[in-house]
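In the two complexes below, chain A is the common chain; its partner is chain B in one and chain C in the other.
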Partner chain A sequence: MDIWQKLNELDRRWIYFLMFLSILFPTIFVIKFPVELTPEAEQLYNAVEALPDSSVVMLTFDYYASAMAETEPMSIAALRHMWRKNMKIVTLTNIPLGGPTIAERITRQVAKEFGKVYGVDYVNLGYKANYVAVMHGLAGSIESIFPTDYSGTRLSELPLMQKVKTYADIKFLYCVADNATADYWISIVNAQYGLPVGAGVTAVMAPKMYAFVEAGQMTGLLGGMKGAAEYEKLVGAPGSATRGMDAQSMAHFLIIFLVMVGNLGFFLTKKKRKV
Partner chain B sequence: MESLSFIEHFQIWLRAYLILSLFSFMYKDNRFYKLSEHIFAGLSAGYYVGLIWQTVIIQQLINPIYDDGRWWLILPGILGVLMFARLIPKWSWISRTSLAFYMGSTAGIYLITNLHGFILPQAVSSMVSLNPGNGFGATLLALIIVIGVISTLIYFYFSKEHTGFLGVTARVGIWFIMISFGAHFGYTVMARVSLLIGRVHFLYFDWGESIRQIL
Partner chain C sequence: MKTTIPIIVAFLAGALLVVSFFINPDKIFIGDASEVARIWMTIISGFALVLGVVSIVRVNARAVKRKSEGWFYKLMTLLSVFAIAIPGILPITKTSVGGSIFYSIFPESWSPLLGTGANSIYDWLFNYIDAPMMETMFAMLAFYIASAAYRAFRARNAEATLLLLTALLVMLWRVPMGEAFLRLFSDNLPGYINTYVMGGFNVAVQRGIIIGAALGAASMSLRIILGIERTYMGR
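Let's turn to the complex of A and B:
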């Protein structure tokens, strides 16, 4: 049996092990591969930067805990960027499992860094079922869809929500998502109510979203961990995405190598298989 | 890093246990994996029921009726209850009233959403000028968009056999579709690797810190 046949019959668990090592190695020994900026990430950063200080923005946490490695750094970087400009932030989620608690934990964590006060500088509306109905309903009255915030406080008791009643009181919607809700923020809230939308999405979703950026339906896009690392670079606060990009690059090198070896083996053993 | 409390240590160790149990499936199926899987399924179902009860039934139905006197909300409430008639075969036909209402309203909302939010803006953005005036590069990109859109649409035109000019154009369409699949696959690989990175970072940094502090 030659080497190609041996490789062909290699137990897949060895590949899992190599993949694990390719991620662990750069985690221990930091390499610092450069993170190049894409025009879409810069567009999103510039859109937020162009908003007047103290503007009200809506930030969504439309992702499950499973996608946090990609999306959490986007949310943290977005909050840092917005609060650096002293913006008022209304957060919500359309994801039942994890979304409300992730939003609560992250906003409170970053708020502490900037000394922001709950109810005055930010409000977490929490979760409500049926996102299409929620998106349409918020256009009429935020309070009718979310009578209370995530903690159960009535919106009428929160100073920030005295002046934020509908989309008309919000300047920008920054959507961080790992699912189709991003499409609906664009097709409902941007298309029908005219609110500018920018998004940070998981890498799986990113190729589809470029069409919305190209069509002008979206103002900027962050795609996956790379997009998150770009935003961290733009905000000037490297975090977990920047730290993860070394491992990302190493894993990609390994996958490319394995694809090449696999194809080479396939063609070199083709003749033998025919025989 | 500041000193972790007992609860924080416990949370980190529990997360580490669940992660390692689930990863153990990559070696082979085992009891640790199954236990973690069942814990996840059970917790998710319980949490979801509680969340929907509080945020929808209490906040959107019961409170507005009792506190604000919005009695007309009883009507959608009844429609919701009627859905449960499906559980009794003899009365399952009653649930069709609710389903008809749901399907009718959903179809109407999605028709407008898809037309206004997806089809028209995307069609408009596909109708690009072949001479955008930004040099040869921009013209080339516009040409690629035009050829890509037309050839892909022709590939999905099945009312005539794909031979001759139609066949060649459809073949070009396949190439565009394949390139699109390649881009999607590349991004999907990146996404899955990112998830693994997140877990490895948790194990190395958070769990590692907890172990260091305990030792």
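Let's turn to the complex of A and C:
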């Protein structure tokens, strides 16, 4: 058995071990390759930047805990950007499992940095089942869908919600998602109610979202951890996504190397079999 | 009767939303009926979640009772459901419904632990058990993808070769180190990949898929509204 045949039958545990090393190495020894910006990330940043100070924006936390490595840095960077401009933020989620908890934890963490007050500067609406009905319903009256906020306080008792009644009172919708809710924010809220929508999504979702960006239905896009790192760079506050870029770079290079070795072995052994 | 009533309900609900979308509701007799229907939808969906919990409890409890294969894991599922649900739905304050009865039995100092707020039991279970487990499961994908890519991603024919080359280029473009590598060949290469691969070929294909799926969804909705499609009733 020659080396290529041996490589073709390589025990998968060696591949797991190499992947483990490729992630561990840059986590310990920071390389810090510069993060280049894509036009889509800049478009999203500019859209938020162009809003007047103190505008009301809606930020959604439509992701499960499993995708937090990619999406949480986007939410944090978005909150920092918005509060730097003193915006008022209404958050909600379409994820029953942990969505409201994630939104609560992240908004409170960033609010502390900026000294923002709950009820005045931001409100967490929490979760309501059936996102299609929720998205349509918010156009008629936010209070009819969410009579209370996440903690059970009536919306009428929260100063911010006294002036935010429907989408008409919101300037921009910033959706962070790991699932199909992003499509619905675009096809329902942007297409039918005219609210500008920008999104941060997981890397696997990003190719689909390009169709909406190109059509002008979406104002900017962040794709995966790289998108989050780009937004962190734009906001000027590097965080966990920027730190994760080295590990992701090494992992991508390892996979490319493995694909090349696998194909080389495939062709050489095929050639030998023919001979 | 079992078939006719659901079909009538589906027809009325579907027709109401379709009509209110295409015709100004203020000009016709339906008024704000579509808005009311949407509020109903969120309420009914809430009940569907409860139905899901009842179903998971019934199925798993039966398996535990019969001690069928894997009954221990099913028991863990049941314990997990109750451990995370009970502290989350219990009364939060003394003034909430049933709160005074609850706090006449248990100490009031338990109040911050109940409900779903920060530092509650639910919050702790989610942040320190559920979330790390979900993240771990997702992170393991990196290892499986690496192994699968090594074994299965082969340039067997022209289409597969094209796919492979595109994938390699996009993988390089999506990370800073890869971008730096691409710039060794041309400074414009990362920009070209974004413009022509992602914004060009990719968008063309995605549009086809999105439009095809939307047409499929529209025709399926019509079939349900008109009572042709009845599989949602289990038939």
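Just so it is clear, the second predicted complex is superposed on the first by the 271 of 275 C-alpha atoms of A that agree within 3 Å, B and C clash if a C-alpha of one lies under 4 Å from a C-alpha of the other, contacts with A are read in each partner's own complex, and residues count from 1 in each chain.
Simple rule for what comes next: a contact is a pair of C-beta atoms (placed from the backbone, for glycine too) under 8 Å apart; a residue touches a chain by one contact, two chains touch by 3 or more.
Remember, predicted model here, so these are calculated numbers, not experimental data.
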Clash or fit: chain B and chain C on chain A?
clash
Which partner chains sit in contact with A:T27 here, chain B, chain C, both or neither? Use first/second/both/neither.
first
Per the contact definition in the header, classify A:A237: touching chain B only (first), chain C only (second), both, or neither.
neither
Just checking: does A:V134 make contact with chain B only, chain C only, both, or neither of them? Give me first, second, both or neither.
second
Which partner chains sit in contact with A:A111 here, chain B, chain C, both or neither? Use first/second/both/neither.
neither
Would you sort A:M19 into first (chain B), second (chain C), both or neither based on which partner it touches?
both
I'd like to know which partner A:V35 touches here: chain B for first, chain C for second, both or neither.
second
Quick check for you: in the superposed arrangement, does A:I186 touch first (chain B), second (chain C), both or neither?
first
Considering only the touch criterion stated at the top, classify A:V56 as touching first (chain B), second (chain C), both, or neither.
neither
Of the partners chain B and chain C, which touch A:E214 in the superposed model: first, second, both, neither?
both
More residues of chain A in touch with chain C or with chain B?
C
Give the one stretch of chain B, out of 26-34, 62-70, 98-106 or 206-214, that collides with chain C after superposing.
98-106
Looking at chain A, which of its residues have contacts with both chain B and chain C?
16, 19-20, 23, 66-69, 96-97, 100, 128-129, 132, 136, 203, 207, 211, 214, 223-224, 226, 248, 251-252, 255
Of chain B, residues touching chain A in the complex:
26-27, 44, 47-48, 51-52, 55-56, 59-60, 63-64, 109-110, 112-114, 116-118, 121-122, 124-125, 180, 183-184, 187-191, 193-201, 204
Which residues of chain A touch chain C once you look at their complex with the stated criterion?
10, 12, 15-16, 18-20, 23, 31, 33-36, 38-39, 64-69, 96-98, 100-102, 104-105, 108, 128-130, 132-134, 136-137, 140-141, 144-145, 150-152, 203, 207-208, 210-211, 213-214, 223-224, 226, 229, 245-246, 248-256, 258-259, 261-263, 266
Where on chain C does chain A make contact in their complex?
32, 35, 38-39, 41-42, 44-46, 48-49, 92, 96, 115-118, 122-123, 126-127, 130-131, 134-135, 137-139, 142-143, 145-147, 149-151, 153-155, 164, 168, 171-172, 174-180, 190, 194, 198-199, 202-203, 206-207, 209-210
For the chain A and chain B complex, residues of the former touching the latter:
13, 16, 19-20, 23-24, 27-28, 66-70, 96-97, 100, 126-129, 132, 136, 147-148, 183-184, 186-188, 190-192, 202-204, 206-207, 211, 214-217, 223-226, 240, 243-244, 247-248, 251-252, 255
